[in-house]
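Look at the two complexes coming up: chain A is in both, with chain B in one and chain C in the other.
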Partner chain A sequence: MIVQVWKNQQLTIKTIEHLSMVFVALLFIIAIGITIGIFLYNKKNLSGIVLNLLNVIETIPELVLLVILMPFFGIGYKPTMIASILYSILPVARNTYVGLIQVDKQYLESARAMGLQEREILWNIRIPLALPMIAAGIRIAIVFTMGVITLGGLIAAGGLGGPIQTGIHLYDKDIILVTGLWIGILAVLVDSIGSLIEKILNRKYGYD
Partner chain B sequence: MTSSNRFFEKINEIKIDNVTKRYGSVTAVQNVSLDIQGGELLILLGPSGCGKTTLLRMINRLVEIDEGTILINEQDVRDFDPVLLRKNIGYVIQQIGLFPHMTVRENIGLVPKLEGWTEDKISSKVRDLLELVSLPPDQFINRRPKQLSGGQQQRIGLARAMVMDSPLLLMDEPFGALDPILRKQLQEEFISLKEKLQRTIIFVTHDIEEAFRLGDRIAILKDGQLVQLATKNELLVNPANDFISDIVESEKKFRHLDNLTIKDIMLPLDEKYIFQANQTAESAIDKMREAEIEFGIVLEGQHYIGTIKLNQLYANIDKLLSNLASEVPVFKPGESVTVAMNIMKKANNFIGIVMENRPEGILLANELLTRLV
Partner chain C sequence: MINYDIILNAVGEHLLLAYSALLISIIIAIPLAVLSLYNRYLASILLVFANLIQAVPSFAVVAIVVPFLGIGFKPAIFAIILRIILPLFKNTFTGLKDVDFIYIDSARGIGLNQLEILRYIRFPHAFPAIFAGIKFSAIIANSVAILTSLIGAGGLGELIFEGLTNFNIPKVLTGAIPAIMIAVLLDISFSLIEKRISLKY
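Then we have the complex of A and B:
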């Protein structure tokens, strides 16, 4: 049954498609999230408003977000990518901001006392020491993104959401079961890679 | 550092003139005036909250002055760019603040790197500084702070503060968090380092013993005000008021040499200092790091063999401690302090072991000297 579903639904190619969508979305999420985090660090008085705004986006159910985007971006790949990016900026931006802010005072004090400028402290001390925290945010983003992109199958975005959609239409529980389980396993795998990276960063840049 | 950013080659005088600092309604430092002479080690001594750290931090402008002036070589510190000023002044804090994501080399070499030194120049400077603080460069240059004991970290902190060859060092309770014997070892090293370096040092502490051991002159502060600035002897002979005499009194209580036995002034032996002769140096290094000590007594069963120091172990990690232990003077608890002092002075040892049937305590040469003043 598994082999049959896998062949009929072309799960290999769908998996590659799925993961490449996750990967592209994550590139945007990381770039935008970290930029916003650093920006907020520089303009702390804006942090409340911006983080709250991102929070509001995140409280919108994924499905609703897709529907809201459809009038502007049509169906398929585009709105799905935009939704997954919008959805996951918050954890990355927030963790970057918090990571930069909460660097232990002793490191900041000795950096200042050595005659480092604030900009030098940001790049040489704050950002490296915030990396484990940022990685934790990215891990959350990975899980979110996997979810939103699967949901994108509903609006023909490609990836592993497609076969699920097919299974629902055909009342074929084999397809739903196999694809569903595979997405689950994939999510766990991707997350454990994320966890490994987080651990390595923690060992290198963590506090103890 | 380009020569135009080098503000002073040598400190002639630092003049703190009528300086006040307030935090809201609290006055942290109130109308303090004192002069620091070039080349001296001045101690700022006082209980916590007396304003000594605030005063120290106003010198490199980590804290801005509310009233009064601080002049270094007759130039107001406020006339300098604060970032450049701090590059000209070394600073060491109790928490050390080594950056955990950087190696020893990167920690010490950070400012030189930002100043655009070549890699070769940084490496050779870092190696020189490691030698200076008694850490074998090959063993330590690529370690990360978490692979170092507290004492080693503090040495690196000191090396980092000296990397720009600033003629002025500010130190804020650098040995405050260390094991008591290790603290004395580092003080010992620091005294000989100080002779070599000939820098001007301002040193904050709340430890009267440390103040008397290290300081050329001692400024005692209380509630943000300077109570007395004097040499050790002047403080003992001429305390300005009861507050001072109470402080120095504790130092005088050991003055009657003749009545004292070694038992009265030895440090009781903690189990953590005991090592076995059949241990390898490597396992001893691990144990010392865990216990945050750098000194140990080697026993074979209950039988005393000798003593070891952490820094001597690194070059011989496979050898047994029985081959590495070195002799130090041994005393009985009942012996007279005067005799012990002479023996230790002759042997040029700052540590002695007190034994009855097995080691009972540790005798530190300077313990005697400072307590007897």
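Then we have the complex of A and C:
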């Protein structure tokens, strides 16, 4: 049953497609999220407004975000990518910002005593020490992105959401079960890779 | 052109779906968290599960329910419960567990029994954490309730999916806009209550 569904629904290709979409989306999310985080660190009085705005986007149901982008971007790959990026910027941006401002005073004072300038402190002290926090944000973003990209199957974006939709429409229990469980396993696997990276960074740059 | 009756009906169905699921989850999760306080095995099993399930996309959870329970309103409620019960449990449990030992010790010292400690020490301290879990779950429930229309649960999602099949954007929006309004209202009202609670405790 598993082999048959796997072949019929071309799950190997779909999985590669899915993961590559997640990967591309994550590149954008990390770049944009960290940039926003550093920007907010430089302009702290904007942080409340920007973070609240991103928070509002995150409360919107994933599917609704996807469909309200359709009038502007049509269906398929583009709106799915944009929705997953919009949806996951918040955890990365917020964690970057929080990680940068909560650096322990003792490090900053010794850096200043050594004569480092604010710019150097940002790049050599604050950012490395914020890395574990940023990694935690990226891990949340990975989970969100997997979710949104799976939904993209509903608007013909490719990936593993497509077979699930087919399964539900045809009421084919085998397809639903195999694809659904596979997505679940894949998500858990990807998440545990994320948690591994987080742990390594924590050991290298964490406080305790 | 816009039929308000249909929209109101859909909003009603949507709220019923999302919040009956939330209510059931709260009723199950809180006693489960209390039990886990006294049973380490139950606690560790549930926590591992909670962390794993959190990574699974909602769409996959909704789909996996279908082969076992079929389609319709009840499977949809079940899917939402599956999605939110473990985060609720996790927050309640960590809230109850993370109470500073000094408080528990002094409560024992003045002769409170286990139940009284739970009632007067652990729960008041855990309240902000429990409430944060409920807020998070309410927003997820709102989101998954849109998706469950795909398995015939009705509600706002049905308007969206009907609009999607014939690319009828206005119809999609009649489902999407109320859903956004509900989400934002939820977030604002929960944040207000959260502020009051954290001031009090």
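FYI, the second predicted complex is superposed on the first by the 208 of 208 C-alpha atoms of A that agree within 3 Å, B and C clash if a C-alpha of one lies under 4 Å from a C-alpha of the other, contacts with A are read in each partner's own complex, and residues count from 1 in each chain.
One rule holds for everything that comes next: contacts are C-beta pairs under 8 Å (C-beta built on N, C-alpha and C of every residue); 3 or more make two chains touch, one makes a residue touch a chain.
Source: prediction; values computed, not measured.
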item: Partner chain(s) touched by A:Ala113 [first = chain B, second = chain C, both, neither]; value: first
item: Of chain B and chain C, the chain that contacts the larger number of chain A residues; value: C
item: Touching partner for A:Leu170 - first (chain B), second (chain C), both, neither; value: neither
item: First, second, both or neither for A:Leu46, with chain B first and chain C second; value: neither
item: Touched partner set for A:Gly161, first chain B, second chain C, both or neither; value: second
item: Touching partner for A:Pro128 - first (chain B), second (chain C), both, neither; value: first
item: First, second, both or neither for A:Lys204, with chain B first and chain C second; value: first
item: In the complex, chain C residues that touch chain A; value: 52, 54-61, 63-64, 66-67, 71, 139, 142-147, 150-151, 157, 160, 163-164, 169, 172-173, 175-176, 179-180, 183-184, 186-187
item: In the complex with chain A, residue positions of chain B that touch it; value: 60, 62, 83-88, 91, 93, 95-101, 110-111, 114, 146, 157, 160, 170
item: Chain C-touching residues of chain A, taken from the complex the two chains share; value: 55-56, 59-64, 67-68, 70-71, 143, 146-147, 150-151, 153-155, 161, 164-165, 167-168, 171, 173, 176-177, 179-181, 183-184, 187-188, 190-191
item: Chain A residues touching chain B - in the complex, by the definition given at the top; value: 106-107, 109-117, 120, 124-125, 128-129, 204-208
